[in-house]
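Before anything else, here is the set of structures, which you'll find just below.
Okay, so chain A shows up in both of these, paired with chain B first and chain C after.
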Partner chain A sequence: MNRLARLARAADWTGWLGAAIVVVMIGAALLAPLVAPYDPVAISIEHRLSAPDAAHWLGTDQAGRDVLSRIIHGARASLAVGIGAVIIGALLGVSAGLFAAYKGGLGDQITMRIVDGVASIPLLVWAIAIVGILGVGPVTIGSLQFPNEVKIVTLVGCLFSPVFARVTYAVARRIVGADYVKARYLQGASHWQIALGEVLPNCLSPIIVQATLLVAIGIVIEASISFVGLGVQPPQPSWGTMLSDARNALYSGEWWLPVFPGIAISVTVIGFNLLGDAVRDLFDPRNEARTLVA
Partner chain B sequence: MSGPILALRGVTKSYPQGGLLDRLLGRASNFVALDDVTLQIARGDVVGIVGESGSGKSTLASLAVGLTRPTTGEILLDGEPLAALMRDHAGPWRRRIQMVFQDSGSALNPRKTIARCLAQTLALRGVPRATREDESMALLALVGLGSEMAPRLPHELSGGQRQRVGLARALAMKPDILIADEPVSSLDVSLQAQVINLLSRLTRELGLTLLFISHDLAVVRTLCTRIIVMRKGRIVEEGPCLDVLARPAHPYTQLLISSVPKGIAGRRAPAAAAASATSSVG
Partner chain C sequence: MFRLLAGRFFASLGTLFFVGLVLFALTRAGPGSPARIVLGADATSQQITQFEHANGLDRPFLEQYAAWLFDVLRGDFGKSFVTGRDVAGEIAGALPVTLSVVLLAFVIAIVVGIGIGSLAALRPGGPFASVTRLGVVLGLSIPAFWLGIVLIRFIAVELRWLPPGGYVPPSSGLIAHLQTIAMPAVSLAVYYIAVLARMTQASLQDALRGDYVRTARAMGLSSPRIVFYALLNALPPVINLAALSFGYMFGWALIIEQVFNIPGLSRALLNAISQRDFLLLQGIVFLFTAIFVLANLGADLVNRVLDPRQRSSA
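Take a look at the complex of A and B:
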């Protein structure tokens, strides 16, 4: 509660705008069946390519599907890939960076060279290649079946992990040398207590800023992969596939087909970036001074 | 109760210099931070360790608490080798030797309130949850801070207040030996005097053995009973504080004393004069 109260005081209007965008987008994704005015995959040939009007606020596409409903449902794929990949990337990368910085010596060298190795693999190209080879069908592991997006989330997560590892490492290296870490060691605190209780909390703000930026990049990557047809499969909507389908409309004048999914991507990306800035301020223990000035 | 509480026997600490290539080519040399140091600290002693920067004072401190390990030689804590004790990282020996750090800015976790910092320290000593808060307040009172400090974060405190919290945190472990590595050098002179007087009072009241590392002779003479003068990793002179300062035998000690502004080294300065002595040096 204390944190929230401080957020309320510390964040300026850009932070609130970012938070509002993110909340609206996540809300739309979660509640898509309730808030979308039409079925996103319902074909209605008689209404095809109708311009925005009172019935279809953002118009309809080549198959007469409602663009607004498809954007709302498409938010699910975009946010799932963006947020999912960041969670996977952060878990892998932060653990690696924290371990390397805390351990030092040979463990540091080995871990960070593995990170360099992962970073040197053009994973986005690999992701496309792997999905291209394996096909876009669902993944079956044991008795569990996962949709195609799981492949993309995992691969983009691996793609993000070196970024998290390096950010964490750079900050944690400095924190590990601080006297309060030494003091905790001298009290007989365990390595887990020191690494998770002293070092990690002081690395969080750049990690969180990085995370929000990468959610935005993840959304763009999902759109790109779906654009080339290897992500979300038709007829399921995604912002990337919608843009891909709208290519022809660029020449025939149905401007609403590319513009609205494009706006959805841009606004969401901007929203996460603004939120990231605000959260960084929140996690700065010295933000009290800022509030007083403001 | 017999025997020294802390002893160093032929302790050398050297750091390899040069990169991997130098080491492979056999060109690497070692930087010797501490060179064959033997010393004994008796229980209840207040020992000042003085010397210029790079003389090995701080290395001595981090070796004594077990932050680094000696290259050769042995450190004995109450007769037991530190190397053997350190196999049990969180053993009961830990609480016996604690440290106060030089930089008050980095000594406290910026994200933890003072209360939390002290409570977590007490938890590691095994103080039950119910009494931690009371004991934290008692510790703050001991170092002359009010309970209104407890909910604050380190950046809301002054340097002197932070240094007192650092001292309270060390005392929370109920140490027998306290090592203070230049605890006042980052403070301005009026705060220096406060912290010195506090240390002086606490060592007497709690019967602490204090290793006080400083480059400030005036501070050492007001606080310490014994003095160890170090230079280039070696002990050049040691003895009762007032004797050494009045009749320095080693030319380096003479140099140190002569480089202090006039009127300090020769003055008979009891603890009460700490304020004036430190301020005239600062």
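Take a look at the complex of A and C:
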């Protein structure tokens, strides 16, 4: 409660703006079939390349598909990849960081060297190369079929994990040696109780900060990989493939094709960045979350 | 100090060795063996065995990796099974193109980023600092490849100031060269301008609050000199971030090259993917990884050498 009150007081308007953008975008992605005015893949040759008007607010593309509907549906791929990758990265990284900090000795050394190894992989190049090697087809596991994006989520998630591992490790190392944790041992607490009950809650704020900022990076990565044709596969809409298609319209007058999908990406990323910064100011005063660069 | 540098260097080499091993394994994990790809679907198993033997593909996996790695260290990336061309030659043709875009972007990012960050730090809460804060959020959020598309649309197509794409090597005229790489470099630099400006601003503001600054002021040192000394103390984290950025820039350059249709490593990589040219792909990705590892090493060393507090914690 105390925290909530502090949040309401302290967060300036940029944080709220970020939160609002994030909520609207997630809402649009979840409710895409309900809020999108048209079918995002319905081709309509007689309405092709029509400028924004009352019927098509953001115009239509070369195949007469409604740009607004494609942007709303495209939010699904973007957010699924961004948020999914962060969840995978956080699960892997936090477990690795906790394990290393907790275990100490050789286990610590080996785990953190592996983390260093993963951190020295250039994400975008490897993502492009690996999807290229595996092909852009769907992934079949048992009777379930997943779209190509699953590969990207997994890859980006793995390559995000060192960020979480390092921040968790740094905080956890400090806490594991603290007197109150030793006291909890003397009270008879198990390793698991200490790890999950004492250590993890203390790592949570920098983890949340990193997670929010990494979603933003994940969204740009998804758009970029889709832009070069190795992400979301047509006709499924994605902001990256829409921009790739729009390159054909650069020399003619259809300004709405390159403009609106780019604004969609930028606004969403701004939302997560503003929210992440606000969360950092509130919950991470010691600044344990690292400066991110991608 | 020398021991520290050497230790870090060898640790990075070790990392590169293992990461390269993972890469080597992954390039073989895809559908279709090199023999199948080169000889076609109706090759007999005898032909395939012959091909694999001739190219050393039947040897144990680790032996193949060691042989490849030793060749790479000598500058020999092998000969492509698909095109028959020398991979090293292919890379040598494309690397300078990518490098010129990245280097220009790097210089722009450092000069503009540190410049804006310093100016914003001088008057915290002033109008320039507010504008910078807004600009940083925009710069961090606008994807480079979209910026490139927008620049092509307005600078090249509408205003006709610069060519919309393509590449002219510096040997055919420096001005024409810069004209072709200006927009790609700016698109690539914007994100890093924002990153570096934010770090410079935070770090310099911190430094200007230091006791020695107050003392210097009390002693009557001129304002520019004080700011200069504070900036020297504020720079290590900025240089660290710049070194990291340099490694990341190569990755994004791949996307930017696609936007501007520049015949750099991006085109070579995508060709390698579409032709399933594994040796070329392996070579390019290994090169990018080596650059990235070296950039990380540089960032780490900058930290330890420039920041005395971190020297002992090797």
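Everything that follows uses one rule, which is that the second predicted complex is superposed on the first by the 263 of 294 C-alpha atoms of A that agree within 3 Å, B and C clash if a C-alpha of one lies under 4 Å from a C-alpha of the other, contacts with A are read in each partner's own complex, and residues count from 1 in each chain.
Here is the rule we use: a residue touches a chain if its C-beta (ideal position, glycine included) is under 8 Å from a C-beta of that chain, and two chains touch if they have at least 3 such contacts.
Everything numeric here is computed off the predicted structure, so don't read it as measured data.
Once the complexes are laid over each other on chain A, chain B and chain C both fit without any clash.
Once the two complexes are laid over each other on the shared chain, residue contacts for A:Trp255 go to chain C alone; chain B is not touched.
Contacts of A:Asn202 after superposition: chain B is touched, whereas chain C is not reached. In the superposed pair of complexes, A:Ala178 makes contact with chain B only, with no contact to chain C.
In the superposition on chain A, A:Pro122 makes contact with chain C only, while chain B stays out of contact range. Of the two partner chains, neither chain B nor chain C is touched by A:Leu30. Counting the residues of chain A touched by each of chain B and chain C gives the higher count for C. Judged by the touch definition given at the top, the superposed model places A:Ala55 against neither chain B nor chain C. Of the two partner chains placed around the shared chain by superposition, neither chain B nor chain C is touched by A:Leu91. The overlay of the two complexes leaves chain B and chain C separated by a minimum Cα distance of 9 Å. Of all residues in chain A, those touching chain B in their complex are 178-180, 182-183, 185-190, 197-198, 201-202, 285-286, 288.
Considering their complex, residues 65-67, 89-91, 94-95, 97-99, 101-103, 106-111, 120-121, 124-125, 153, 155-156, 166, 169-170, 173 of chain B touch chain A. Contact residues of chain C toward chain A in the complex are 12, 15-16, 18-19, 23, 26-27, 29-31, 137-138, 140-143, 145-146, 149-150, 152-153, 157, 164, 192, 195, 199, 241, 244-245, 247-248, 250-252, 254-255, 258-259, 269-270, 272-273, 278, 281, 284-285, 288-289, 291-293, 296. Interface residues of chain A facing chain C in the complex, by the touch rule stated above, are 14, 116-117, 119-126, 128-130, 132-135, 216, 220, 223-224, 227-228, 230, 243, 246-247, 250-251, 255, 258-259, 261-262, 265-266, 269-270, 273-274, 277, 291, 293-294.
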